[in-house]
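Right after this note come the structures.
The following pair of complexes shares a single chain, chain A, combined with chain B in the former and chain C in the latter.
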Partner chain A sequence: MRPILAIASTTVGEAIRRKVLLIILLIGVLFIVVAPGLGILSARSETTVLKSFMLGVIQGVSAIIAVILTVYMIPNEIERRTIYTILSKPVQRWHFLVGKYFGAVASLFLMMVLMSAVMGLMFFLQQQSKNPGEVAELMKGPMMYFVQMSLLAAVAICFSTFVAPLVNFFLTVGVFLVGVFFNPLFQSLQDNQNTAPMVKGIARLVNTVLPNFANYNVQNPLINPTSAIQNEGRYYLGITVYGVVYIGILLIIGILIFDRREV
Partner chain B sequence: MAAAIETKQLTKSYKSKQAGTINVVDHLDLHVEEGEIFGFLGPNGAGKTTTIKMLLGIIYPTSGEGYVLGKEIGDMDVHRLISYVPERPYYYEHMTGLELLKFYGSLFGITDKEKFIKLLEKVNLHRDMTKTISQYSKGMQQRVGLAQSLLNDPKLLFLDEPTGGLDPIAHREIRDLILSFRDEGRTVFISSHELSEVELICDRVAIINRGVIARQGKLSELLKGGRIEITAEGVAEGLLKDMKITDANLRVVGNGFLLDMPEENDPNSVIDAIRGQNGRVISIVPRRKRLEDLFVETVSNKGANS
Partner chain C sequence: MKRRTSPLLLGVLAFAFLCQGLLQRLVIFDTWSKDYNPGKGKMFTGAMSPDQMLAVLGGFREITAGILWVKADTFFDQGNYDAILPLIRLVTLLDPNEIDVYATGMWHIGYNFTDEEQRSDRRYIPSALALGKEGTRQNPDTYELFFEEGWLWYHKIDDDYDNAVKWFKEAQTKKDMMTARKNLLGMAYQRTGQIGNSIDTYYNLYDEAVKRYQTENAFGNHQNRDTLESNLDNMLVRKVQRGVQAELEKRPLTGYDADPPFDVGFSVKATVVEPNIIRFEGTWNVLPVGTRIRVVLRDADYPHAKAAGMEWDYSSDVNLDPPRDRTFMQEQLFVKNRRFNKKVDMSKDPTMYPFTSDKYVLEFYYNPRSAPPHIQDKFSWSGEGLTDKNYLRTDVRPNQRVVFCSIPITRDMVKRRGEWVDKVPVVKTQNYLESAPDAGRGDDDAVLKIPSLRGSSGK
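Let's turn to the complex of A and B:
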């Protein structure tokens, strides 16, 4: 556990100093800060637009940070030869991979906390009722996005053990986009009685193999109270467990590949 | 003496579409004794770094055996007793020298700040320990690398090109540090191109060329075969010819002669003979065989083996 923590904390130290990530984070925060002014541009309720925009910014910026942070993480360590010094110590390869992953997730956590805090503050200031309960309700979104981004980071780390960074970038982004936008489609194909058995089988296979990132898009019930999730606590717990299990599987695959890889 | 490193037919192959299977390290038999400074020499691409990576368990051998401190390579227990400083090392630039030692120390469970400071003192970086690595010069980065390599009080150190790209002062500092490691009873395995440096500090060397060990042995034995040049005048050429020195060359230089002979011959007998004929010895120049000569000779003649 000791090497994992040491590697994770070093990864955080590096990540929070990476200018490209800080610039993206700053842009995200700026968008959130100016968000209250955007309500007048829409015919919809000002609060609806504000919530929707701010949650969208947090999700989008976090996804970009997660991909940039993780895609180059392992290749950089190999290219700079820092990995050799570390692996010459009593550190197993899986310690290294898991440490890097936890470091990436901890960095994402810090950055998402910052954006969420700014969002909470802006939303509170914008509210006429000044109701902290509503702010807390809104925070469910970033919490689920955090699980979503942790899953995305695991996908990228897993790919980084066997593909080049550029290929990894497109693979990870592809898996994320399919998981976000097409999972509901595959789900409906799978559930529809009229779907051909072969199509159904393919839909089931895709749904099983690719992580379902769409699970974590909880913005609709948060923005629109009429579309509330039934048994909300159970749903959030369920998708969190799903995410953790999936992350575990991806890390195990990554470890098995990385363990035999020539570095 | 016990072996710090022992390899038997250690081989690393890669497959190439153009050239088929390439043995980057080819049936390597290496023997490094405990407590010595061992120089591992070879031209670029000879297989030096690949060998070190195999010995450290970073890459896996295709065939053969390797033992480090008596245990099979890759054994995690051995990693507590060894250290490695890679060629042109890169350390996390946002860290200070002290933080870097804390990080590497934490991988061993070492948290003793006093120890970190002592190590930085040893490599003369204690005054710069709060500077970040990005502010360190190349020589300072190399020294902080050596400091981190001593964290676990290693029995065996692997140094890959420890003086590469450093100025003469930094060279000397690193050389003195390496010599101090031997005085402390550690085994040092150096891969290097700096032949003059290796000649000064190494007890034994191996020269690897195209993955094959071409020469291996004590430096003093490998460098045997030097020559002595004696210049004399006022003496008949016949006298020197009559001495029948094997493998000697005699040529006329100005008013005298220059005798070039193997160092195994006794120069005193030649000098006595010259003086006996009222000749005058102008100069006696020992021409010691240098490691560079041996290296060039070995690398250009792949078949050499001793």
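Let's turn to the complex of A and C:
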């Protein structure tokens, strides 16, 4: 466990020093700060627009950070040959991979906490303390986004064990978009009576096999709290377990491939 | 040296894969579909599914909808109404919780497409209703769109008031229903002829208003209570004077205002004075002002048409492209001094009045349920005090006595083509008298003496 933690903490330090990530983070925070001014775009729906925009910024910026942070992680170590100094020590390859992943997730966590805190503050100020409980309610969004982004980081780490960073970038973004699409698309196909049974079957299969990022888009009821949701906790627990299991799958695949790779 | 794959690791991988699949299918998907699907509440549209659009736009859909709606507002200020329609559709698809956009969109579609003489394009009304229905499905917990849907029936369609009652009643069940708007259910009940329900509604609202005023001594509460009291008083008096109470008690109607029924002596002549311009002249023996006779000129086979209207509610699809090759003109003929005379010009708006079919029909319709109270004081709510020797119909609208007449007309006549190039096309009812200036009016003794609540003649 110690090598994993050591690698993870080093990765966090590296991530925090990477200027490109900090700039993206800064832009995200700035967007969140100016968000209350966008309420004019929708009469009587200022709160809706504010929540939507801030959650959208957090999700978008986190996704960019997660991808940029992870696609270069393993290839850079190999390219700079720093991996040799690590692997020459009593460190297994899987220690290295898992450590890198945990480091990336920890960095992501820190950045998302910062954005969420700014969001909470801005929302609290805009609402003029009318309903502080709403701020806590709103935080459910970033919490689920964090699981979503951890899953995205796992996808990128898995790909980074066998493809070049640029290819990895497009692959990861592609999987993310497909994963975000799939629940709605599957729902549409399922509801459409004209869809051929075979197409429905294929959609169901793909929906079951690929990582389903749309599960974590829980913002709709947070933005439009018009209907009471039953078993909310059960759902959050379900998608968190799903995320952890899928992250495990991706890391195992990554370990299996990385173990065989010539470095 | 080639590394050996650990069977344990492969086993764990297979097990984990199975677990995630089961979790997704058995635990997550149904809950997601029910509660988290951004397009929940099925959209009935043939366009790109809202789910897909929403997914594309991710977390920014509300803001995108807001920006588009601001753009729509600009178009509205410029009078570019056609440009607003796709934006309304897009905004409601992006953010189905934009109640204002649904409400404004319904109003805009239903009211703002007009010809040069400010006549609404009735071909759009089904789309406006469909948009409202979609809005209610997407926002079932708030009263607003239920109310707006009812209002469109009550005010714009101004007929088939059962639908207004249906939607107002639904709006009434929502917690956020505005107090002042609740009164409209009582009004709508009146217009369906359900006088008992109307009075019950007013009594209930009055009780609520009294309690509210006792709880909070505010001007608005005071005003609301007094308004309801006045409505209730009027209803009770009218119920008695118009003979509804007597009818309920199975007493003869003799002596009540609605007895004997008054013959309105309807007659009409339609002259195509120029291509696509028709002058309507006719008689209506009611002297007090306030009578509006509906005239409709439509394709003889207009889809979903019915007497002097159509099955407005026929579609649940929001189709912003109405049947552009069809014509449906609806206008009101105002009666003054027992006559009406109005020129309807359809020549300047070929897109609204394309006249592409060969056969058309002119329909004239008067329904006492839409009449103002001082006229209803004689005709009562469902036409009990109304008759017409030639055109009284009881089969056109259920449980109502209305005046209705239908006259066929051809495109060649309307457009002054073919054999009508040199002749003036005229269609009229058989009882229309051409010669006298008072044609069809009858003698002065036949003038309706409208009783008022104070018992004066109203003449």
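By our rule, the second predicted complex is superposed on the first by the 246 of 263 C-alpha atoms of A that agree within 3 Å, B and C clash if a C-alpha of one lies under 4 Å from a C-alpha of the other, contacts with A are read in each partner's own complex, and residues count from 1 in each chain.
The rule we apply is simple: contacts are C-beta pairs under 8 Å (C-beta built on N, C-alpha and C of every residue); 3 or more make two chains touch, one makes a residue touch a chain.
Keep in mind it's a predicted model, so treat the numbers as computed, not measured.
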item	value
Combined model on chain A: chain C and chain B, fit or clash	fit
Chain B versus chain C as contact partner of A:88, first or second or both or neither	first
First (chain B), second (chain C), both or neither touched by A:13	first
If touched residues of chain A are counted for chain B and for chain C, the larger one	C
Chain B versus chain C as contact partner of A:2, first or second or both or neither	first
Contacts of A:262 with chain B and chain C, given as first, second, both or neither	first
Touched partner set for A:224, first chain B, second chain C, both or neither	second
First, second, both or neither for A:49, with chain B first and chain C second	second
Inter-chain angle, chain B to chain C through the CA centre of chain A, in degrees rounded to a multiple of 10	160
Which of chain B and chain C A:80 touches, first, second, both or neither	first
Chain B versus chain C - smallest C-alpha distance in the overlay, whole Å	5
Footprint overlap on chain A, comparing chain B with chain C	260
Residues on chain A engaged by chain C in the complex (per definition of touch)	38, 41-45, 48-49, 51-53, 55-57, 59-60, 180-181, 183-188, 191, 204, 207-209, 212, 214-215, 217-221, 223-224, 226-227, 229-232, 234-235, 238-239, 241-242, 245-246, 248-249, 252-253, 255-256, 259-260
Residue ranges of chain A touching chain B (in the complex, touch as defined)	2-3, 5-6, 10, 13-14, 17, 80-82, 84-92, 260, 262-263
Contacting residues of chain C [partner chain A, same complex]	2-3, 5, 9, 12-13, 16-17, 19-21, 23-25, 27-29, 31-33, 35-40, 42, 49, 51-52, 54-55, 58-63, 65-67, 69-70, 95, 97-100, 139-142
Footprint of chain A on chain B - complex, ascending	53, 56-60, 76-77, 79-80, 82-92, 94-95, 103-104, 106-109, 145, 148, 152, 158
